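Each of the next two complexes has chain A plus one more chain, namely chain B in the first and chain C in the second.
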Partner chain A sequence: MSDRTAAALEKFQAFSARLDRLPRWTPYAVVAVLAVAAPYLLSSYDLNLLGRFLSFAVLGMGLVLLWGHGGVLSLGQGVFFGLGGYCIAMHMKLSDLPAGELPDFMVWSGVTELPWWWAPFENPVFAVLAIIAVPGVFGALFSWLVFHRRVGGTYFALITQALALAFATLLISRQDWTGGFNGLTNFSNVFGFSFADPATPRGLYWVTLIILAACFFGLKWLLSSRFGVLLRASRDGENRVRFLGYDPANFKIAAFSIAAMLAGVSGALFTLHAGNISPALVGVVPSIEMVIWVAVGGRHSLIGAIVGALLVNFARDRISSAFPDLWYYFIGGLFILAVTFLPNGLSGALDRWRGSKA
Partner chain B sequence: MDASLFLNQLFNGASLASIYLLAALGLALSFGLMRVINMAHGEMLMVGGYLAYLTLIIVPGPLGILVALPVAFIGAAAMGGVLQTVLISRLSARPLDTLLATWGVSLILQQAARDIFGAIGVEVRAPDWLNGGIRIAEGAFAGVSIPSARIFIIVITALVLGGLALAFQYTKMGLLIRAVNQDRMMAAATGINVKRVDLIVFCLGSGVAGLAGVVLALLGPVTPSVGQSYIVPAFLVVVMGGLGSITGAAIAALLLGMFSAMAQISVDLSVAQVLMLVFVILFIQFKPEGVIARKSRALDV
Partner chain C sequence: MIVPPMNSPLLSVDGVTVDFDGFKALDTFSLVLNRGETRVVIGPNGAGKSTLCDTIIGRVRASEGRILFEDADITHLPEHKIAQRGVCRKFQAPGVLPTLTVSQNLELAAQKDRRWWRALRQSIGEEVVSVVDETLDRVDLTARRAEPAGLLSHGEKQWLEIGMAVATGAQLLLLDEPTAGMGPEETRRTAELIRDLGDERTILVIDHDMSFVEQLQAGVTVMHQGKFLFQGDIEEVRKDPEVAAVYLGHTA
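On to the complex of A and B.
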């Protein structure tokens, strides 16, 4: 070894020793500062992407609760994502219009009167409540129907996939009510903030960040609560939980409903960042891709879900713009590798690495 | 609603049920043995379809389609064998992870098909003897028309179903498969090589899906996503059928095929799809263990 490399190595060791002396929360603090300052650090294109992907992370954290801790695999999260997205999109469509007029796509399809279930979405408070309530209520009803008959596991996953297919085809076929294949798009403002104003995307990003943080800490609390313990117990030994006098179905239904609400919030935020919502974002393929974000990050880890959502989606943006055909090989390989070799995702790998170091 | 429309839809339902059944048989059998679902099973249909296309290029004549059937069966079975050996057998203790990993396989196979054959799809021309049909012009059932291709589908399905039932009942392998299906641990304890049984059943099921692919090629173009359009109903057949029962799968496929065809008399395809899901969810309210329930005192079957 030459003197130069020895000196460099020494320097590096000194540096890493100094890093080790920093408080444990340092990396979290650095990330938090960077996240808050992102609007001043990134181009508006990248900021928009970051906003979209942080919205995805909200859905991903719901999957950590449902799949990682509840052992319930849903291949239909896109449905709830879509419900939330369409709720806010319907509101923006209506608020753009002068009173009494119909959204453009309805006029094109020859609709003469606003469908009754569209009308209340003109009210912003109703729309915001609906973003949470519609997916929540629908998720609770759907999961109750399946879980109370003790149907679960693989069967449940297959049924949720059929749900995603049915939802997407229904959206496409009811062009006159939903905008069909193109979905809802062309929004000028949300709650009075114009999308043309450069401050709006920045504000939107911070709102997304705050909601993400709130969901993160809320879920962290929930997972460490009694409910979290019983949910994990239902995952690991359903019958034992039953013998203890609890009904595991209730915990699964609760987890599914919360995950559905988070997916709804995620869909609404995404719609705001992306400026559109369409069936292509809610069907079978996007729904199962949502699971892979979490699988990559680590299904048991909330931070893993955020990291996974960002990593997979930024990779998608970069790869599919450079080599569009390669993306499917990449994501396909990712599905296979993530579950065969990294069943606990990156966070699991990190824990193992830390464990071996200590 | 007139009688001829009803009869036409009845027949459509039977042929739809046949395709669902061919697509679902392999899934249901493997699920009974290993409790895992292969999400790339739809791509076995696709492989069968493309193999039919290739076979018909080499063997053009009117009987090319009859050559394509065994080719597709063997091709898809070989592919299934590789998939089972390399991936699924390693994951079989983790059913949900198997879903995800095999979905990855499905994405890769679809993209590969897109790269090899193009995204638009290829046409397989049905031979003349399959192009006609039975048409009733007079009498009480005037207007009933039954395309030969659909009769062909039903005949193939009946043959496959009958063949499998006989093989399960009267061959040594069939006996072993039934044994593993009933009680895997006990079967292993008596010296049956359960991994080999898994592999054979998986190959068999993939091969049958390959046959379904040939049949689909007669109905429309073979595209990279041709399997996807039939696989979700096939999954629902598995959910409704009950564990590892051929009879259960057959009844479930018939119920779903008929339901879908009858629903399409009054509503469009997309609503029929929604109704089909509603039907399955309502069905499990009454029979959560499927059409044919396995009798067992075990806590978890």
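On to the complex of A and C.
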């Protein structure tokens, strides 16, 4: 080792020792300050990206509950993301129109009357409730059917993947109801706030940040509650839990439904930031990408899910703008690397590093 | 509360047949267990001992016959409902939850209300805490209560799981090979623990370690090829020529 590298190493060690002397909450405080300062530091383009990716993180935290702590791998989170996204998009479509008129794509498809299930979305309160309730109820019904039949593991993952495929196919094939392949887009305002006003994107960022924080603390509470203990117990010893007199299916159904609701909220927030929702965002491939965010960040850790969602998606933005064709090779490679070398993601690696120092 | 008299049947297995695609793991098998009784079921490998346990807790379903617990038919109840009525089993391979601490394992067992939404709270009831403390003391794991159960030795895991079965407050404990993988000293202490428990609970033990069975000082039922073969105390079992023939591998 040359003197220069030895000196550099020493400097690094001194630096890391100094870091260790800081209070434990320091990193959280730094992140909180950065998150609050972001709207004043970032360009409007980057702030928009950050908002989208923080929306994704809400979905990612749902996967931490379901996959990390419940041991249930879902390859169909895109479905619930889509349900939430379409709920808010339908509202925005209707609120843009003069009373009695139909959205443009319906007119082009020869529809003459608004489908009955579109109509209530004109009401903003209904739309907001639907963002949570539609994925939640659908997730509860679906998981009730599957878990009470004791379907689990790989079979469950495959069923959810089939669900994602079916949902995307349905959206594309019913162009007259859903806008088909193009999805829903061209929104002028949400709840009366015009997207043309520069204050609106900033407000959206705050809303996203607050919702993310609320979901984070809510999930933290849930995971440390006895429910969390039982969920992990069902993951590690389903039979033991069952023969202690619990029904493990109920804990999984609850976790799946909560993850579905979070995915719905995530989809709605994303739609607001991105200005569109389409089948390309909800099918098989996006659903797998969602799992990869969490695998990279660490599926047992809420913070890991947030970091994973941000890291993978910023990488995606940079890589796919420079080399549009390379992204899928990159994310495939990333997944293999994460599974092989970091089975518990970045947060697991960090824990191990801390453990080896202690 | 009216306490039912001792010596009234708590569990009746009544002519139960379990058919695995033509192979009869249990063949019109019957057994009656009175309240407060400890019974050992022995038999050569494949005699159907574990299947008997599986059938009582609902993991395997009887194709014929029925199972009564406290005079109610439990033959077709879902597993967790059977457990809720007061039947708890210790599995052959220890089934403790490795990532939870020793106390958490017992807390799950001691919890009386097992509906999922009742778990949406951080605190643990006083009643549960006292059951956990008592059980920890009983199975001698108080010093290790905060450790993950996965770190316990094999014998300690067996004790923890017996402790979990006890902490559920179950009337009937099914202990499937509780001394599997234990040395003589651990086996002796396990026998002591079970004798101690036998004063207040009804216990069905499955084993084939004869020295352990002797230490339990309980009635013995011998099974062979899914059928009832013999019943008596350990001396009678030893002397019976039919039992000897089965254990030596001859057909009687």
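By definition in this document, the second predicted complex is superposed on the first by the 338 of 358 C-alpha atoms of A that agree within 3 Å, B and C clash if a C-alpha of one lies under 4 Å from a C-alpha of the other, contacts with A are read in each partner's own complex, and residues count from 1 in each chain.
Just so it is clear, a residue touches a chain if its C-beta (ideal position, glycine included) is under 8 Å from a C-beta of that chain, and two chains touch if they have at least 3 such contacts.
Just so it is clear, the model here is predicted, and its values are computed rather than measured.
Trainee: If we overlay the two complexes on their shared chain A, which of chain B and chain C does A:224 touch? Say first, second, both or neither.
Mentor: Only chain C; A:224 stays clear of chain B.
Trainee: Once the shared chain is lined up, is A:239 touching chain B (first), chain C (second), both, or neither of them?
Mentor: The answer is both, since A:239 touches chain B and chain C.
Trainee: For A:250 in the superposed arrangement: first (chain B), second (chain C), both or neither?
Mentor: Touch partner of A:250: chain C, not chain B.
Trainee: With both complexes overlaid on chain A, does A:88 touch chain B (first), chain C (second), both or neither?
Mentor: It touches nothing on chain B or chain C.
Trainee: On chain A, which partner's contacts cover more residues, chain B's or chain C's?
Mentor: B
Trainee: With both complexes superposed on chain A, which partner does A:61 reach: first (chain B), second (chain C), both or neither?
Mentor: Neither partner.
Trainee: Which chain A residues lie in the overlap of the chain B contact set and the chain C contact set?
Mentor: 239
Trainee: Note which residues of chain C are touching chain A in the complex, please.
Mentor: Against chain A, chain C makes touches at 57, 59, 78-80, 83-84, 88-89, 91, 95-100, 104, 107-109, 111, 114-117, 119-122, 124, 164, 168.
Trainee: Applying the document's contact rule, which stretches of chain B touch chain A when the two form their complex?
Mentor: 31, 35-37, 87, 90-91, 94-97, 99-101, 103-108, 110-111, 114-115, 228, 232, 235-236, 238-239, 268-271, 273-274, 276-277, 280-281, 284-285, 288, 299-300
Trainee: Which bits of chain A are touching chain B when the two form their complex?
Mentor: Result: residues 67, 71, 73, 75, 142, 145-146, 149-151, 153-155, 157-159, 161-163, 165-166, 169-170, 172-174, 239, 284, 288, 291-292, 295, 325, 328-329, 331-336, 338-340, 343 of chain A touch chain B.
Trainee: Provide the residue numbers of chain A that touch chain C in the complex, in ascending order.
Mentor: Touch list, chain A to chain C: 221-222, 224-227, 229-230, 232-233, 236-237, 239-247, 250-251, 254.
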